[in-house]
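Shared chain: chain A. Partners: chain B in the first complex, chain C in the second.
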Partner chain A sequence: MAPSTFALIIDFASGGMLLAAVLVVWRRALRSIVTLLACQGLALAAIPIAAGAYLGDTALLLVGVAVLALRAVMLPWLLRRALAAEPPGRRDATPLMNTASSLLMVAMLTLVAFAVTRPLTALQSTTLTDAVPTAFAVILIGLFVMVTRRHAVSQAAGFLLLDNGIAATAFLLTDGVPMIVELGVSLDVLFAVIVIGILTGRLRRLFGAADLDELQELRD
Partner chain B sequence: MTVMAVVAGGAQLLTVTVGAPLLIGLMRQVRAAWEGRGGGGILQPWRDLRKQLGKQQIIPRGTTVVFTAAPLIVAATSILLAAIVPIVATGSPLDPVADLFAVVGVLFLGTVALTLAGIDTGTAFGGMGASREITIAALVEPTILLAVFALSIPTGSANLGALMATTLSDPGSVASLTGVLAFVALVLVIIAEAGRLPVDNPATHLELTMVHEAMVLEYAGPRLALMEWASAMRLTVLLALLANLFLPWGIAADAPTLLQVLTGVGAITVKVAVLATALATMEVFMAKLRLFRVPELLAGSFLLGLLAVTSANFFTR
Partner chain C sequence: MTELMMASLLAPVAAAGLTAALGWSRLSATVTAISAAVILFCSIALATRVGHGVHLAAGGLLRIDALATFMLIVIAVVALLATVASIGYLHTELADGHTDAAGARLYGTLTPAFVAAMELAVCANNIGLIWVAIEATTVITAFLVGHHRTRNALEATWKYVIVCSVGIAVAFLGTVLLYFAARHNGAAAAEALNLDVLMSHAGALDPAVTRLAGGLLLIGYGTKAGLFPFHTWLADAHSQAPAPVSALMSGVLLSVAMSVLIRLKPIIDAGAGTHFMRNGLLLTGLATVAIAALLLTVTGDLKRMLAYSSMENMGLIAVAAAAGTTLAIAALLLHVVAHGLGKTVLFIAGGQLQTTHQSTAIADITGVLQRSRLIGTSFAVGVIILLGLPPFAMFASELAIARALAEANLGLVLAVAMTLIAIGFVALARNTTRLLLGAAPADAPTICPPRSLAFALVAGLAASLALGVAAGPLTDLMVAAAQQLEGPR
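And now, the complex of A and B:
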């Protein structure tokens, strides 16, 4: 693989991750948000796979395949299952902030991410580290989604955005995360999403809605 | 300044002024074909213009010079844009002023004249259309600036002709993340600026939804003809700008020969016709967006433009 092709793949993968995060903020229907998360998982997996092929690192390739299976297939499938149980009228994200100002906030967060990661990219400018700002922007957008959404599934979407961003940062900054660390993180995310799925079901049974604002009173 | 450069500029102006109504006719014809109607033919907008030009001048009572001057200003800015923007040749006589900021400024001047005319009539619809148009324009103009700015970062120049020359010599520069983001942002804002679906429906006069039609509601006769011709030219220039920024092949160079000028005219006609057909086809399958959703769409396209600029800044090596 030529260095320019590699740079193009990394640019498009990290840019695609950022674009998917922006579209998650933009769209209202939870179903399309889950599809976008699957696309983002695909873009995320492209980073270690391309890096593995470019550097000739088999372990990195394997990690990439694992990431692909987990984040592009398994987690969206789990979220879609949690969503399918929702009544048809309640399949929309309910943002606390209107979409236009959310998008402008996202623009600001992206600029902040590019500004604060400047010292990191200045350390050693390579193809991989140059894309770190986008991964950092995805982290901030994930946090923003978690703060401004109230539906349990969209909170999970925010959490996954956050985690995809962290994973991308790890892939971009290091020459491959140790397999055991990557497995531990992936397992963590998997369990978190399973727990959110169960929580959504119980919320719905108790209150008839998956709105986290209903969780206000303490009980024995 | 050679004679041929002036000829190229003249050819460009002629292509736009004559071709703009034909473009509208083509788009209506494509729409009619998709809907299974016969359609009025590509020449129909020219026939409409000729009919309106022969009618009596009517000025609504109580309107001022703002109302009578607006069609002239809108038409003049459109003609100026057609002369400035590199459409047939990169080295047009007005090339030194073919600057990104000048073009957006001239574009906005026309919009402002139109909205002031809408307010000047004092009718409810005129004011409503003007307020909607300015809401849209306030988000559209910065996005056009940002999207083209993203392309001008690798070039190091805000001159539109220089941008196209760079793309010609290095086609890889638009096949990047920056190029894709800027293209999407630019397509969205051109649709909004030209008042096409899903932002505004040019085919209806429904008071709840109209934007552009509400402002020109009080115009009749030759002034209406001027307004419609000018808005057709704006759409043509914007589509030609889009085509030449991303696919500049066929455009004549700085010192063109006669053959190159003719090739340039042919190439831009084909490119704009293809774009217009695609746009009209898309419109058939699309419903109009609710007015309160339009700022969302435009904020989204602004964000895409901003991302294009940041990625151009950080990914260029």
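And now, the complex of A and C:
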């Protein structure tokens, strides 16, 4: 693979991740948000797979395939299952902020991400590390989605955005963390999403909806 | 030493497996308690051998040093008390129909698994593995917090899982940045996350990247330790979880997360200068103490009161960690074990009050002292421990923290912290007086604690007293840990 092709793939993949995050903010229907997350997982997996092929690193290639299975297939499937149990009228995430201001906010957050990551790109500037600001932007957008959406499934989606961003940062900065850590991290994320899925089911049974505005009993 | 550590890690895993296979019974619960006793035995054996050494195992993934051994002892003691109390607690729950066989099996499986995850978090040498273990505690305890399937328990579980998962994800980002800095500095890929390797490279890490990593790690693990600004899950989760689980969470889980921060601080200090983490810990620590003291004055709920008191103590520990001298770290370790013991006694006694009254509002639970001598006295002594009065160890630890702060030229911080703690003291004393001595309604239910619970209470109080009168053998361990962790001045 020529260096220019590699750079193209990495830029395209990280750009794709950011685009998917922006579209998640734009769309309200949870069904399309889950589809976007699957696309983002695909773009994320492209990073270690391309890097593995370019550097001739088989282990990284395998990690990439595992990421593909986990984040493009398994996690979106878990979310879709949680969503399918929702009554049809409640499959929208009503955000606390309207779409136009949300998108403006996303632009701001992207700028912030570029500012925050300057020490990283200043320390080491390669094809991979130069894409780190976009991964940071995805992390911040994930946090933003978690704060402004009041539906259990959309909070889970925000969490996955955040997590995809962090995974992308790890791949871009360091060709991924050591295998044993990567394995543990993936397992933890998988379990966290399963737990969130089960809790969503319980919310629906006890509160009649996975709407988080109901959760205000506990306070002082 | 490796064998001892492995035995202590595998004992609770075996107990979890047994309960998962056979379901909850008095037998499986007793085996779980025995597994906690095994941890205690192994950690004491380790303590006699570890000295000032650092022993690496499993290809550098695990480590045994003074801090790890000390935290293992704290985990073991609290786990032993909590698992013994669990026998009677769960038996009563089953008899009253508050849970069923499946719920009891889940509880019996997850509790020892939770203990094992905490052990791994303090024994891991690889900061990636530490992260995995800490996140595992969140995943495992999620269903323990939601054990009572009420709306309130569910609300608490949801907040707990979401806030802690996000916080801990931020810590992973910090871990990745630290890894990046170490790799850039020439550390080998396979071991650049190991504490010893990071420490040897720490002086040459890029300051700007290390600062970024340090900030993210502080926020991340601070979330799990109940520090401001992500403390919001704490009171909800602690008040809704079953009492023995609250004891484990409050008594050790918070300090386990704090011990991770204490381990990371010397690395960040060497890479980014001592002021960064120091100011960060001071700021979050003081803010935590302030919020906890204010909430203590308004809360009317027994278990939330105990939770806010935990926050207050974690804030104080963070402030002591900021000072970072040998005396400060030794003092904060004494504070950790003294608080762990006292809080365990209080949560177990409080849990019995909750079971009896089906409520945790202090207004519903009054005149406890005249209605049950055991529960009343345990609660009273537990609060005396928390208030930092002699002869208990928190008196000595708070004095030592105060002295350490004064010596580190943090007099102003000391003054603010002391004022806030005084506010918390008054609030805690006032609520407790009402609970213990207030007039009891004529139709108040009788408090009859199960035998195992009573045993745990008496044992916890005896241990607290022993610790207060003679910290003795633990002192060497705490000083050794403090000397290893003392940052550059």
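The definition used in the following text is that the second predicted complex is superposed on the first by the 216 of 220 C-alpha atoms of A that agree within 3 Å, B and C clash if a C-alpha of one lies under 4 Å from a C-alpha of the other, contacts with A are read in each partner's own complex, and residues count from 1 in each chain.
Everything that follows uses one rule, which is that a residue touches a chain if its C-beta (ideal position, glycine included) is under 8 Å from a C-beta of that chain, and two chains touch if they have at least 3 such contacts.
Given the structure is predicted, the values throughout are model-derived calculations rather than measurements.
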item: Clash-or-fit label for the pair chain B, chain C on chain A; value: fit
item: Touched partner set for A:130, first chain B, second chain C, both or neither; value: first
item: Touching partner for A:217 - first (chain B), second (chain C), both, neither; value: second
item: First, second, both or neither for A:139, with chain B first and chain C second; value: second
item: Chain C versus chain B, contacts on chain A by residue; value: C
item: Chain B versus chain C as contact partner of A:100, first or second or both or neither; value: first
item: After the two structures are overlaid on chain A, angle v-u-w for chain B, chain A, chain C in degrees (C-alpha centres, nearest 10); value: 150
item: Partner chain in contact with A:77 - chain B first, chain C second, else both or neither; value: neither
item: Smallest separation in angstrom, by C-alpha atoms, between chain B and chain C in the superposition; value: 19
item: Footprint overlap on chain A, where chain B in one structure and chain C in the other make contact; value: none
item: Complex contact set, residues of chain A against chain C; value: 116, 119-120, 122-124, 139, 143, 146, 152, 155, 159, 162-163, 166, 169-170, 173-175, 177-178, 180-181, 184-185, 187-188, 191-192, 195-196, 199, 202-203, 206-207, 212, 215-218, 220
item: Residue ranges of chain A touching chain B (in the complex, touch as defined); value: 7-8, 11-12, 15, 18-19, 22, 26, 98-101, 103-104, 106-107, 110-111, 114, 121, 130-131, 133-134
item: Residue ranges of chain C touching chain A (in the complex, touch as defined); value: 61, 126, 128-129, 131-132, 135-136, 138-139, 142-143, 146, 149-152, 154-159, 161-162, 165-166, 169, 172-173, 175-177, 179-181, 183-184, 189-190, 193, 206, 208-209, 211-212, 235-236, 239-240, 295, 298-299, 301, 304
item: For the chain B and chain A complex, residues of the former touching the latter; value: 176-177, 181, 295-296, 299-300, 302-304, 306-307, 310-311, 313-315, 317
